[in-house]
Amino acid sequence: MCGIFGISGDKESAKLSYIALFTLQHRGQESAGIASLNKGRLSYYNGMGLVNEVFNPSILSSLEGDTAIGHVRYSTAGSSTVNNSQPIYFKCKYGEAAAAHNGNIVNAAEIKSELVNSGAIFQSDTDSEIIIHLISRSSQKDFVSAAADQLPKLKGAYSFLFLHKDALLAARDPYGFRPLILAKKGKAFIFASETCAASVIGADIIREIEPGEAAVVRGGRISFFRFAAPERKSRCIFEQVYFARPDSIICGQTVQNARYLIGQHLFRELKSLKADIVSGVPDSGTSYALGFSKASGIPYVPVFMRNHYAGRSFIQPDQKMREFTAHLKLAPIKDAIYGRKIVLIDDSLVRGTTSSKIIGSLRKAGAKKIIMAIASPPIIAPCFYGIDTPTQKELIAFRLKEIERIRKFIGADELHYLSLENLIKACGRGDRGFCSACFDGSYPV
Amino acid sequence: MCGIFGISGDKESAKLSYIALFTLQHRGQESAGIASLNKGRLSYYNGMGLVNEVFNPSILSSLEGDTAIGHVRYSTAGSSTVNNSQPIYFKCKYGEAAAAHNGNIVNAAEIKSELVNSGAIFQSDTDSEIIIHLISRSSQKDFVSAAADQLPKLKGAYSFLFLHKDALLAARDPYGFRPLILAKKGKAFIFASETCAASVIGADIIREIEPGEAAVVRGGRISFFRFAAPERKSRCIFEQVYFARPDSIICGQTVQNARYLIGQHLFRELKSLKADIVSGVPDSGTSYALGFSKASGIPYVPVFMRNHYAGRSFIQPDQKMREFTAHLKLAPIKDAIYGRKIVLIDDSLVRGTTSSKIIGSLRKAGAKKIIMAIASPPIIAPCFYGIDTPTQKELIAFRLKEIERIRKFIGADELHYLSLENLIKACGRGDRGFCSACFDGSYPV
Amino acid sequence: MCGIFGISGDKESAKLSYIALFTLQHRGQESAGIASLNKGRLSYYNGMGLVNEVFNPSILSSLEGDTAIGHVRYSTAGSSTVNNSQPIYFKCKYGEAAAAHNGNIVNAAEIKSELVNSGAIFQSDTDSEIIIHLISRSSQKDFVSAAADQLPKLKGAYSFLFLHKDALLAARDPYGFRPLILAKKGKAFIFASETCAASVIGADIIREIEPGEAAVVRGGRISFFRFAAPERKSRCIFEQVYFARPDSIICGQTVQNARYLIGQHLFRELKSLKADIVSGVPDSGTSYALGFSKASGIPYVPVFMRNHYAGRSFIQPDQKMREFTAHLKLAPIKDAIYGRKIVLIDDSLVRGTTSSKIIGSLRKAGAKKIIMAIASPPIIAPCFYGIDTPTQKELIAFRLKEIERIRKFIGADELHYLSLENLIKACGRGDRGFCSACFDGSYPV
Amino acid sequence: MCGIFGISGDKESAKLSYIALFTLQHRGQESAGIASLNKGRLSYYNGMGLVNEVFNPSILSSLEGDTAIGHVRYSTAGSSTVNNSQPIYFKCKYGEAAAAHNGNIVNAAEIKSELVNSGAIFQSDTDSEIIIHLISRSSQKDFVSAAADQLPKLKGAYSFLFLHKDALLAARDPYGFRPLILAKKGKAFIFASETCAASVIGADIIREIEPGEAAVVRGGRISFFRFAAPERKSRCIFEQVYFARPDSIICGQTVQNARYLIGQHLFRELKSLKADIVSGVPDSGTSYALGFSKASGIPYVPVFMRNHYAGRSFIQPDQKMREFTAHLKLAPIKDAIYGRKIVLIDDSLVRGTTSSKIIGSLRKAGAKKIIMAIASPPIIAPCFYGIDTPTQKELIAFRLKEIERIRKFIGADELHYLSLENLIKACGRGDRGFCSACFDGSYPV
């Protein structure tokens, strides 16, 4: 997964991009970059690491101009090196340009092979690099036309931002797999993966860019056009289940609210239930647990302390120290657990190994009964559109098939999954245009 | 505030210290250090920054031996330089030694002046360095006796760990201002500021070191002695209110549980109340709000998204960008706020400026009514024992005196403080041995 | 100017390249890089700075395989960024490859423009990048054929090394502007800009690669072919005058010896001469001065101490400190100078500003008379083949025309230049195949 | 060995110190530091590495004030850590002070033991730290008196600079082992280990500080006093033989000139001699060889190319690469060596291992005969006054006793040493006040 951000019309464009990317940090911690346009010339700076590790005030000051795009990366295609970081800067017959991409191109290998055979040279091993070669070989007269001409050749999931001296261009694939929103701050136009990145800098959210739609900002004005016919709307439902920030607005409600509703549905789907408390696996499980608590009347009590200094930055001093890692990140809160029947909610169950450790940790702290409730259906198929799921045979729900076998594997006393029907109901509030291929194996492309 | 940790009897002493210090990271983010003892020789490594920034596997491997002490620092006395980081390493007539200190010495200036006049040379400007000079000038025959002999000269708050070839020595001041606990992991003895640092490495919590008590580990055995008569027990109540980790155990209950009880008391102290939801200022406010919700039946709903990537590591790109800082750390969750009467709980009110911003942010997001509830009494006096409070005239409760004036200043519709009586009741569960000087001005020393 | 090195047939190929590049460091201090081939896969590492700053043992160990090429860069075309460092790594239809270039392509702009118009994307702004696009668009069936097919399109100066899974390929332009030698170490074949890079690792020097010739090493065997008809041999004479290392062998003699001979010619060209000592501007001037001393009987005495810690690494603390820079690099040795008539030899006179400072420094130290002798003719025309000369109007010999005016500008009492005839005689020992365009304006291409 | 520098009366004191230390870099490459005095407050910055690695313009700008002292270190006592770098900063009863030391205190262990027993705490393991404890325990009324009172307690070699708000104080031990000169630049007074450090910034050399003399600069005026009776003048003769820079002036002549005279003596001491060329081991050997050439009429020809990028900064990539190290630093110049009878001059013979390698390298390059001439007598005794000689049993001249056996060990055809008589004659030009303990075992202290 990745996060993208673009702004045109504010002379602090790079600094605002920095703040916005910081807010999108949860979408990618591997690399970060910003490209800006000043008097027809592009500058850019990419680096490995977190947004605040990559940038400092002097780098940001060197990125002048009123238009900029930025990117945070979590590798789903291509390895983890600075060559693969974005925005991708390139010089082609239309001059300098930069591109930022969120998504996954399904026919990448095929197009890349054609390009290479006709003499193209690749610098990265990302699928994102394909579009810049397609554009540079277009016969269109200008950059924007070239992009509009070539984007339909890509199949799969993509939200793109392009920076060129002619325009800032935003485009979303015909299925709308990956999010892309439009916002406005004063006279400036803003594009972002999530609304939180626009809200943080005081912008007003306007709307989503529609599937198959492109937006062009030039000379302070915005225009829209369709570069491809829209297909069946297929927004990734996993954004609300796990990926997006709780304060981002999707389908007219915050992600936190969607999760609260899911928690309520989850309780209602359970026939009978005897529990002392309900809790969630931090951080995403909390909202579900609060909704469950509201619907059931069972008190919500945190059972784990999450160490926010841990995570990507904690380096194991030694193999022998591995046994302490689980506790280091999630420390059990003993008197909240001891002797209690606990409903524990997590967003999803992928390989099942983490849940198994968490349940073991609760048992050791004296839990009397553990009812595991999953805020989504069993994941039975991998994602080809940008979510980093493992291969199918690593998916526990595909591997063990029956819920009873999964329950035994993770060590819970009970195990419940939410129905896809209720998941869509809670997330879409009437709108059913979601991709749910990971739950039902029905791939739009 | 600072955090200290010591272990004797495990050949992975430095690596275990590293994990433990990581767990005490909330007690100090300025510098970190570990000293270890191997075959009678000390090694040490200190650095500025977070525990995982200061250490790496090769540094940890170089800190050999089965006994180690560690320290994380948040400066309350002395400036922020590596000279002031701890453990303090020194060579004196008893040979090499290292010291780690949590607390604040009240008569530091007086002792330092005497020492300097008689030829002592100081390398840091911390109050902690005093004890090493006192020890090195003692006429006692060995290091432990010298420490026992000199510690009573210090007045104020201290928990000390000393590493010397003879022994690992732990000592707590006669009032017990700062915490210090004893734990055991296999044959190893452990000392730590909080239980969470011992639990994370699988140790069993034994008990607190008593006020005026010292513990000596040598040759695999532990012994205890009193180096000073205990005074009126004066544990800092602010540890439970704000400083300690929710999963740490103090007075037989987790800090989370103490805060839950406080939240219940807080509701009961309010006469009449009309509210749609109750929420807390992250992170400490959450536990209070859950207790309040339980007692009142008013649903708990998070109203702020806290960005855990922010905090100390976010660098303002520019003065003009300041306006976005509040939102960057605490982003309002709009549909949780809009049109609602909200009880918002925070642990304490110091200067009042942060609360004022937070309330403004809620108003802007459409809150209908904001009832601010503070989980402790008004702070009217500064702390001289290690908590980093501002000068008295900066304290809003001292400055404005009346609650009504404070309410106006922060912009709430209502403002309530918890009584000291109920705070002590919730925290001590019968034990009243707390220092509450910041609330009542009654200083034990 | 740049330095290149290649080796095939030794499993320590990257480490040997590192040592060899270190020996070629005088040819470029801006960036360094090594690419190696292991089991059909390429690895590479480039960085800004000196060879020993860019590489460390762990990076070198990661560059596995028995074939490698390396590069040190001094920018003559393209700006100073890591994008412009070499070897250039690229993926094309023949798979992975890497290229290292020394020289300057005269028709670069023209070819680049054609390539860009047909869709090529450029990552650097060096002229070197052109060849990789030409190769990747060739219709030949394999990499070596593609290179042989495309190299003739380049006009100008080049010695190239290409690394590809099929072969290590070395090629030198039809005029032979830039050097390229072949050596052998055990079973391994070696290519290098100068013999010193091969000698340092114990290799035996075989011969030069001829103008228009290519050498291919594959499967442990070497083969040679002509990819272009040889033109009038036009080796850069400035290599011996200034650029090459004294211990490198060119035209069958060390560069030191050529300079010694030049020094002897220089004395013979001077009609009458009264001087106490002869000295040289360090470091290149020393060999000339020793030859002059031998021919004239005038004792050689160093008059400047060169600070070898200075040079590229000294950072001016302040503009006001500039006046001390000359002395910092070249400190006058007072008793060697005071009251003496001095013949001072320098390799060449480009802008004249450095000589002016040096002569001023001698005067201040009490020199009685300063006879400046230049070991080459007046430079009247810029180099288009890789030597970093300034624009024509900055060249003092072009600007002032007459020797008397130049003498006044630099402040010497006398000024002599060596004749081109004797320069060629000393450098070539019979062979006259040099480019001397900078001295006579007669450009081969 | 170390280098020290001090200046009082120029508001660019730290920047001038930086340039001067750069010029003293040959005296110590391990660490560097500068302390400055501004409005009665001291600032300092020390670090490991070369002067230009430790400092940058912003650090230098932070060192304000018109008085500063600096230090470069090469460890002869104490290990290589930043704790041992100088100037040593300390706070004592006289307030803040800093000290820079060149030399070696012979009774260090004895004094340190007394200090520690009476409660002193040491931070470094250098002998230099002793004086600051002695000063801080003095009963004198001010800092300068305290220093004057305590310095006589030190036995051995020392030149000291002290920075204190009262004064800049310079002091040299009663034997004058280590150099210390006084210079003047405008109104500013300067102290330095060598004249080159003063000359580089345009200062005029005044005189040496005498053995047992101290100089005090305060309020823009200088005064002198004796803190100890002068002993037999015992300047280290090794300064001229090896350590000092060729352009530094000692005993009224440059070091280069002393070496030139030594070279002449060396020829005269050899009875009969048949040789084609004379050469020197770079860099110190060159001056000797030039003098020898002048006296003998045998031409001087360099036989080695020294790589000035090598040295401390070259990191062996691998043990297997060791064989290339000698060639990397000193590459033989083949046509200067082949078939020739060579007189090779080196400054001294310590362990003999380097000479053995160098001679092997000449043989391999085809030298017909190698006559090794050493510009000083056999070293038979270690130095206790600051030169980093090995233990006595590692000294080849002590170990093998007879010249013939040494000759065989190093592999030369002939081996000659200079007599002590002529060494002193050339260095002192009449003045015989040198310490020559390393050559004759007669230790002044």
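Going in written order, the chains are labelled A, B, C and D, and every chain counts its residues from 1.
In this section, a contact is a pair of C-beta atoms (placed from the backbone, for glycine too) under 8 Å apart; a residue touches a chain by one contact, two chains touch by 3 or more.
Just so we're clear, the structure is a prediction, and the values are computed from it rather than from any experiment.
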For the pairs A-C and A-B, output the one whose chains share more C-beta pairs in contact. A-B
Between chain B and chain C, what distance separates the C-alpha centroids? Give it in angstrom. 63
Chain A-chain B separation of Cα centroids, rounded to whole Å: 36
When the centre of a chain is set as the mean of its C-alpha atoms, what distance in Å lies between chain A and chain C? 51
In chain D, the residues touching two or more other chains are none
Determine which chains touch and list them pairwise. A-B, A-C, B-D, C-D
Contacting residues of chain B [partner chain D, same complex]: 90-93, 116-123, 132-133, 136-138
If we count contacts the way the header does, which residues on chain A are in touch with chain B in the complex? 12, 15-16, 18-19, 22-23, 25-26, 50-52, 55-57, 60-61, 196, 199-202, 245-247, 249, 253-254, 256-257, 260, 286-287, 290, 294, 299-302, 305, 307-310, 313-318, 320-321, 323-324, 327-328, 331-336
